[in-house]
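Each of the two complexes below includes chain A, the first together with chain B, the second together with chain C.
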Partner chain A sequence: MTTARPDRLRSPTVPRPDEIRAPSLPAAPGRRPRDAGTGFGTLGLIALMTLAAMALPLVVTDSYLLHSCIVVLFFAYMATAWNFVCGYVGQLSIGHAMFAGIGGYATVLLFTGLGLSPWLGMPVGGLLAALLSVVVGYPTFRLRGPYFALTTIAFAEMIRIWVENTDTVLGIPLNGAAGLTVPLRGESLAALQFNGKAPYYWVIVGLLAGALTATWWLEHSKLGFYLKAIRGDRDAAESLGISPARYQLVALAISAFMTGIGGGFYAQFFRYVNAERLIGVDLSIDMALMSIIGGQGTVFGPLLGAVLLAPLAEITRGHLGGSLLGLHIVVYGIILMLAVLYLPKGLIAPLRSLLARLGLLGRGGRR
Partner chain B sequence: MSPLLDVRGIAKRFGGLQAVGDLSFQLEAGEILALLGPNGAGKTTAFNMIAGYTRPDSGEILFQGRNIARARPWTICRAGIARTFQLSKPFADLTVIENLMVGGFARSRDASAIRDKAEAIADFLGMGRQADTEVQHLTAFDRRKLELGRALSTEPVLLLMDEVVAGATPAEGQEMVALVRRIRDRGVTILIVEHVMKVIMALSERVIVMESGRLIADGAPRDVVNQPEVLKAYFGEQYAAARA
Partner chain C sequence: MDPLILSFALVNGLLIGGIYGGVALGLSLIFGVMRVVNFAHGSLLMLALYAAFWLQALAGIDPYASVVVTVPLLFAVGFLIQSVVIAPLIRRESALVVEPLSALLLTAGVYLVIDNLALMAFGPDVRSASTSLALAPLMLGPIPVNMQRLIAFSAAILAAVLLSLWLRSTRLGRAIRATAQNRDAAVLSGIDVPMIYAVTFGIGAALLGLFGSLLATFIPITPQVGLSFGIRSFIVVVLGGIGSIPGSIVGGLVIGVFEALASQFVPATSAAILSLGLFILILLVRPSGLMGRA
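What follows is the complex of A and B.
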């Protein structure tokens, strides 16, 4: 041990103060090509899909089919909103429906009580949902482990049970388990009420396009990098200047805002809200499962999951539901098990590599 | 001129164990200071107190004259102190470049400029060709280098390194030593916790030695390794007595 010679010992060279701050690293010799335009490719794809989807009602006139499309896109929107925080930060929320519930009830109550147009009621409902998300997230994001998942489900169920058993609160009619109906105003853009299905369809396509664009933005933003870092390793993230609680809370608030607006849309489309459907755990699980099976932490994964699972639920419920009650849950469970076992990154993963092999995605086409 | 880092009497107790008791030392700008000590001497606890991962029970840690004792890790990072982990903790499902970009957001909001810097760091590490590789496909040593690069991406004034060459082959160890030297030459002050004597001899002008939570030696590596207290801490009473 004492024989080691400090032959490479050198006197310390104290740098000039202006050198200390930013160690100017050597410039890269020969720039690598950037990810072949992945970013704008994704945005372009969103725009293209939106335009194509907008044109659908010109071809499809069957009311039931259009209704089903709206339901599928509603789930796609909700799953995308869920994915915005949970997919990127790797936390499981099984209570996201509470944000939808707040949004839906707020939209209806603001319309019936104050005559406020749902166009304003939905974002107000979204803000209230974001506020609730801060109440839920603030104490739980400081903790590590499964506490967030447990807290979300507990909060959501508390709110559902409370609403189901409350007829009025502070003079505001909640109408308990029976729920609230939206009074009919006939064809009215201001009241977001239409006789046909097509206008609702266009609204949900617009909402979905907005949610996908927000997710695309997240992928490239500081917030997105920070969430992925927290998902990867919380200690390492902290060492890189990231306060996990703070950035998770910001993402959760944005996600809750989007979910709240979705709840408002649900209320307008069905002209009815009740606690079981809109705050209940079923909707929360749908949002989570569609994201996870489709591919969480990606822009299009939740959309893919919803497009595959929502019709499946409709079919099993509609055609087999009478004889085999709850079969769709069994089917969900089997698909979830298969996905977790064989495609842990979601169904989007093989699709993506297939597209890449066909040359339809650039070299960096990881989205 | 006041020292860059001035540790003043920090102490930490875990239940019945006084992990660090009244530890004081100073670090000048431009230095590579090695922190030595046998297992359980309190090196990692001291390291974690400076990095903000463990809150000292008492004492002050002045960094550029500002007390950072009991500050949170992200605040300490933004103040200009970066750290590596003994077991490298990469973001496994991100690419090398993405890993190197995360820290850049602490200094800038311009994603394009941050990517340029990340590419420069990848080249600096000799990992330019792996820029778009997902980190889970890297070798253990490349992950370790990446860990170092990721710390650099936050543009630190002071870099805390926990065991740079653990598990590396001799050739890899040499590469790492050269890398650490080049980082110092770029104006980053370095505090390093290390076991491998060869590395310490090659890198540092000054070492401090801890034993049972206290400082027992401070000086040039050659002098320190011959001090009776140090020999006693590493090899026991009898060995030290036999040499005396």
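What follows is the complex of A and C.
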């Protein structure tokens, strides 16, 4: 039988990229290989969309509709966070929900235990998620083969089962399968609790704008170019002194940080966390599926995927949920298989060429 | 700690570990030949468990006798999944090796469909099958050995040995190994590669048919039972060396014994978390797995 060939450890004689760069070369602002205009066009589009989205609660006052919009944008944010690493490094995570779980649980526990405001609890949860991501990513990114994908799913499921069966750990109440509720504090900005839906909506729009901007930054940063080089040809990139493990790990940690904050938002918005929904494999697959359907490795692909798929889930659950348990997930699975087979670049690719044909997109509209 | 209790845990850990290894055999075989991680691995085991359950519930067939149905049935399911779902992806890829991540996603779609169709068809109730054979526990000195587990354990070892021999000595087995080594060279030698792939996937699934029948008597059967076995199989194959048949059994034994012994000191669910630590440690120290070739 053949066995997987693990990636031999990087030779210690290969200099790190920052050592290669001659010290006399200043980091000139104009050194970006691509024309900056296109990139700032994307950034402008993000700003424009954010402003337009921010204004929505002024028009839409129906609470249910606004709630649905928040759910869709939450998924868009999570898919964008997933895409930050998986869309760009050519590795697949099917366990990203563990980062959401650690973020959500940390936010709630810091609030109930120490009275720490969720505004601080969310980034702390994000940092803990980033820490966990290093534990998963460090041993696996050095290896070739499906190690990272298998390890993410194994970790996420084991952690979910552990949380579901643990009531307290070291005096910290996890409350097992029942989950944790966020105690009500009434309308309070500091506790990130509001009576209306609109403030939550503005928070998630802000988070999504941040994640999109981070993805835009990635595409134009050195990190992004390294990742593209690694994805294109790992050996060639390595021979140029780019350490695949190191830069993939950086992208993963940033992605996990964003996902952890998303978990914190989930906890605040639903005022409830439990392992099955926040750490379970369904959320992990949702994040991956939406990115892939929309177009992974693009700034707006995951957003497009979430806008298309999240309402579909909501509708099938609402209309068929009672009678046919799990039908919407069957539909999801079929869509996933069709997308992998016939639309590997996601829906954003045909959409782009359509827009370009209509003359709505400039020459550089590739991203 | 009482040595008697510890040795009881050790025996149980070995039995469960061997079963883990047997369940993981198909995953390892399929990956070794096609470089495809079958995410739906556990779902196929779940189907086999339900097949054994329904054969007993509807036709009164003993789970141990149902092997003659579940094995061919699962072979057919595996053959179909490969030739209908995965083959188009392999045809699309011009490179020697399929991009493994697309295949993983594709089989994740298969997992979603199978598990939720099972949920719709069978409902969320927990079922169990029982055998009419009188299986008194075997006494190993003072330690009682559960016969149902011993049978499944022996089947796992036997299946691994027979599979290795078969791959080594038969014409079809050699064709499978040739395809695993070099797909294009295999085509040039006149091997029907799509057929080999479908047969390999079928054999991987048929092994799950066997364990579905053997485990049905002592595993609670639910539509979700597959995922936990699938995850355990992922850990087992990475631990043993992806694509290695003996590695699959060794990885299973290591995880089984480790969890059984650890759960003597901490709650069982925390023991599972500790096994993740062991997993990371082995990835760091010996990334090719215990039995993998570096």
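Basically, the second predicted complex is superposed on the first by the 331 of 367 C-alpha atoms of A that agree within 3 Å, B and C clash if a C-alpha of one lies under 4 Å from a C-alpha of the other, contacts with A are read in each partner's own complex, and residues count from 1 in each chain.
In the analysis below, contacts are C-beta pairs under 8 Å (C-beta built on N, C-alpha and C of every residue); 3 or more make two chains touch, one makes a residue touch a chain.
Keep in mind that this is a model prediction, so the values were computed, not measured.
In the superposed model, A:Leu150 lies in contact with chain C only, and not with chain B.
In the superposition on chain A, A:Val330 makes contact with chain C only, while chain B stays out of contact range.
Of the two partner chains, chain C is the only one touched by A:Val135; chain B is not.
By the touch criterion stated above, A:Ser117 is placed in contact with neither chain B nor chain C.
By the touch criterion stated above, A:Tyr226 is placed in contact with chain B alone, chain C being left untouched. Touch criterion not met for A:Thr213: it reaches neither chain B nor chain C. On chain A, the patch touched by chain B and the patch touched by chain C overlap at residues 1-2, 4-7.
Residue ranges of chain A in contact with chain B, taken from their complex: 1-2, 4-16, 19-29, 31-32, 35, 220-222, 225-226, 228-229, 231-233, 235-243, 363-364. On the side of chain C, the complex with chain A involves touching residues 28-29, 31-32, 37, 39, 85, 88-89, 92, 100-102, 104-106, 108-113, 115-117, 119-120, 124, 167, 177, 180-181, 227-228, 231, 234-235, 238, 241-245, 247, 267, 269-270, 272-273, 275-276, 279-280, 283-284, 287-289, 292-294. Contact residues of chain B toward chain A in the complex are 28-32, 51-53, 72-74, 77-78, 82-83, 85, 89-94, 98, 101-103, 105-106, 109, 111, 116-117, 119-124, 128, 131-132, 150-155, 157, 183, 185-188, 197-198, 201-202, 205, 220-222, 225-226, 234. Within the complex formed with chain C, the chain A residues making contact are 1-7, 90-92, 94, 135, 139-140, 142-143, 145-147, 149-151, 153-155, 157-159, 161-162, 165-166, 281, 285, 288, 292, 324-327, 329-330, 332-337, 340-341, 344.
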